Amino acid sequence: MSIDSRQSKMECVIADNVTLPPNCEIGSFVKIYPNVTFGSNVTIGDFCVIGQKGPKREGDLDGLHIPDNSVIRSHSVVYAGSTFGSGLTTGHHVVIRERTVAGKNLRVGNFSDIEGDCEIGDYCRFHGYVHVGKGSRIGNFVWLFSLVTLTNDPLPPSHIQEGVTVEDGVVVCVGATLLPGAHIGRGVMVSENSSVTGKVPPAVLYTTGKSSIPITKVMNFRHKLKLPWQNHFRDAYPDDAQESLETLRSEIVSDTKKLRAAATKE
Amino acid sequence: MSIDSRQSKMECVIADNVTLPPNCEIGSFVKIYPNVTFGSNVTIGDFCVIGQKGPKREGDLDGLHIPDNSVIRSHSVVYAGSTFGSGLTTGHHVVIRERTVAGKNLRVGNFSDIEGDCEIGDYCRFHGYVHVGKGSRIGNFVWLFSLVTLTNDPLPPSHIQEGVTVEDGVVVCVGATLLPGAHIGRGVMVSENSSVTGKVPPAVLYTTGKSSIPITKVMNFRHKLKLPWQNHFRDAYPDDAQESLETLRSEIVSDTKKLRAAATKE
Amino acid sequence: MSIDSRQSKMECVIADNVTLPPNCEIGSFVKIYPNVTFGSNVTIGDFCVIGQKGPKREGDLDGLHIPDNSVIRSHSVVYAGSTFGSGLTTGHHVVIRERTVAGKNLRVGNFSDIEGDCEIGDYCRFHGYVHVGKGSRIGNFVWLFSLVTLTNDPLPPSHIQEGVTVEDGVVVCVGATLLPGAHIGRGVMVSENSSVTGKVPPAVLYTTGKSSIPITKVMNFRHKLKLPWQNHFRDAYPDDAQESLETLRSEIVSDTKKLRAAATKE
């Protein structure tokens, strides 16, 4: 059952104008719609739908490019009309709708749903059951843990779409809800199951309605961990991300100093 | 790769007694069980399971009718033994179990799970990851946003099933939990992440344990929106729903007047 | 469309070294990887992936055994390298990763995700959208209701993995979050949407941050139900579980007596 392009052609439904590069691994029962192109070293799992057409708007991209070194796990659906940097990685049963503009090495966990019409920076990590509503703007190195929901309707149901903004290096812990128009500053950690409204200043620990302490005061004594997370987790990223991560770390530390200076004045 | 009934027959597993009407679009790798019938203008996405048999009880319907103008998106599973009004629309990876009795134009978002043995009125809208437990009774024009869960077991695990009731025009915001036996009156808005128990009077804004203010006092100044939502969102529905929506709106407004009158007496 | 091994071979992709026993029901479009073996009376739904390889560590099991009387529902993914007792039952769209070591008759609901590297006892019941993080240790007769999340990272993101422990007979109600390192004693009920940290003593009702009353004081007057749940729900389990359930029930009752004795002393 070694899978090569020839065999997979038999078990898959692949549009006539699609070419599978030789180093591309395509699972069984994969559906690939027209105008999909592939970078090198791409893996597509079984039962995926790649390049399905959503409703189009003027100026939309036609087709879809799955970039170099991407891994799309089984039962995922990636619509046409989005762009991704290299190394896109999805879990199983992921849905990504049209007009998602994502940077390098986005990783999306099982059962997550990116609703499209959104921007996502480089090296973002989303765990399972994450819902990114339309109009969301997400920076670089952002973590969204399981069940985090990014909403957009300020008085649902309405015709208004007021997406959220999540700046670089933000960590949103499990189960948090980002309410319409929320704007989370650089390097913030949002604690689990919080609801976020309004503007959260950079580099704080945030719990529902409260920007409590500077992020550099958060630590785990038992495991000798101290925020910001770039202190102890930078090595999980590839070489070309190291410089940006170090810059981000020092910016966040500098943000906390401004916070303290402001607090002292008061 | 234009899909017609002839081609799709090759890629799909369709029971012998099933006939696909000519204007029906069936995706690739679709499994259709026996005794499924189709209205006109139906679209079934790739990798769907249509008409699977669950455990049967006496008097159950045999088979399944997918009504006119339905769209079932990829990787969805619709069991036999349910009934739907025209225009059923599902997202991807939706599960609908047997003995669901739903009205016109039900729309169910990605990863939602309707567990069967339930009633759903006309024009309901469920977003993603919505869980409708057995025994739920849902009126017309109801909105359930992402991660809303309708439970039914009052002291889990037990053999008791005490479903929830959600009346016409109710809006349940993201992440709310409807606890067993909850009864939500007409036109209520349940705020995000609330837990609902007991009886909620009509036309109020409800936050965990608190029926606070009449719905007509809720507004969004920035966007000039004012509840009830039928004020500003009626145009999202088809022509044949307009009269019912206007009636519902005036009933909800009238409910709030009764609330105020009662409050004044006290 | 009666499915037998011969027919299913045509619609499925099954590795050369896999043998389907005659009393095994395999759906359509099933992908079975090499080194998967089957007990008797197994049902695999449509569009499942069985025995996919994850990243391996030294000493890992090769392949996967689907034990007697298992039912894997459609669109589920079970990785190689796990072990299960007989009667494994999954809902639709379930993911179970490598190095899951589970006992008899595990039942996992729709859209649940068992991330692997975990231990699960006999007769556990997980409802939908349950997330079991790596490093979790779960006893026998445990109930995890919808949207329950078992986390493991004490200061995310980090390299530390501090799984949770859930002892025998625990019930975790809908939407609760088990924070890293949480240890829940035998027979506890965690109320809906709670966050659990630290050590919870046995046989109490737990609500965020509070081990309130002994479990034997919890009752539902209307339905004449009284905890522990083994009082009224033991009959839902097969004969061979009855003795263990009765032992567990009396241990939990005895735990509550110790709780009261300790409270009296204070």
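Brief remarks on what is shown
We just call them A, B and C in the order they show up, numbering each chain from 1.
Quick note on the criterion: contacts are C-beta pairs under 8 Å (C-beta built on N, C-alpha and C of every residue); 3 or more make two chains touch, one makes a residue touch a chain.
Just so it is clear, the structure is predicted and the values come from calculations on it, not from any experiment.
Comparing the contact residues of subunit A and subunit B by number shows a mostly separate set, under half of all numbers used being common to the two copies.
It takes 120 degrees of rotation, in steps of 5, to superpose the Cα atoms of subunit B onto those of subunit C.
Centroids of subunit A and subunit B (each the mean of its C-alpha atoms) stand 29 Å apart. Residue positions of subunit B with contacts to 2 or more other chains are 29, 47, 75, 93, 111, 129, 147, 193. Touching subunit B in their complex are the following residues of subunit A: 13-16, 29, 31, 33-34, 47, 49, 52, 75, 77, 93, 95, 111, 113, 129, 131, 147, 149, 151, 154-160, 162, 177, 179, 193, 195. Taken in their complex, subunit B has these residues touching subunit A: 1, 11, 27-29, 45-47, 74-75, 91-93, 110-111, 125, 128-129, 143, 145-147, 171, 173-175, 192-193, 218-220, 222-223, 225, 227, 229, 232-233, 236.
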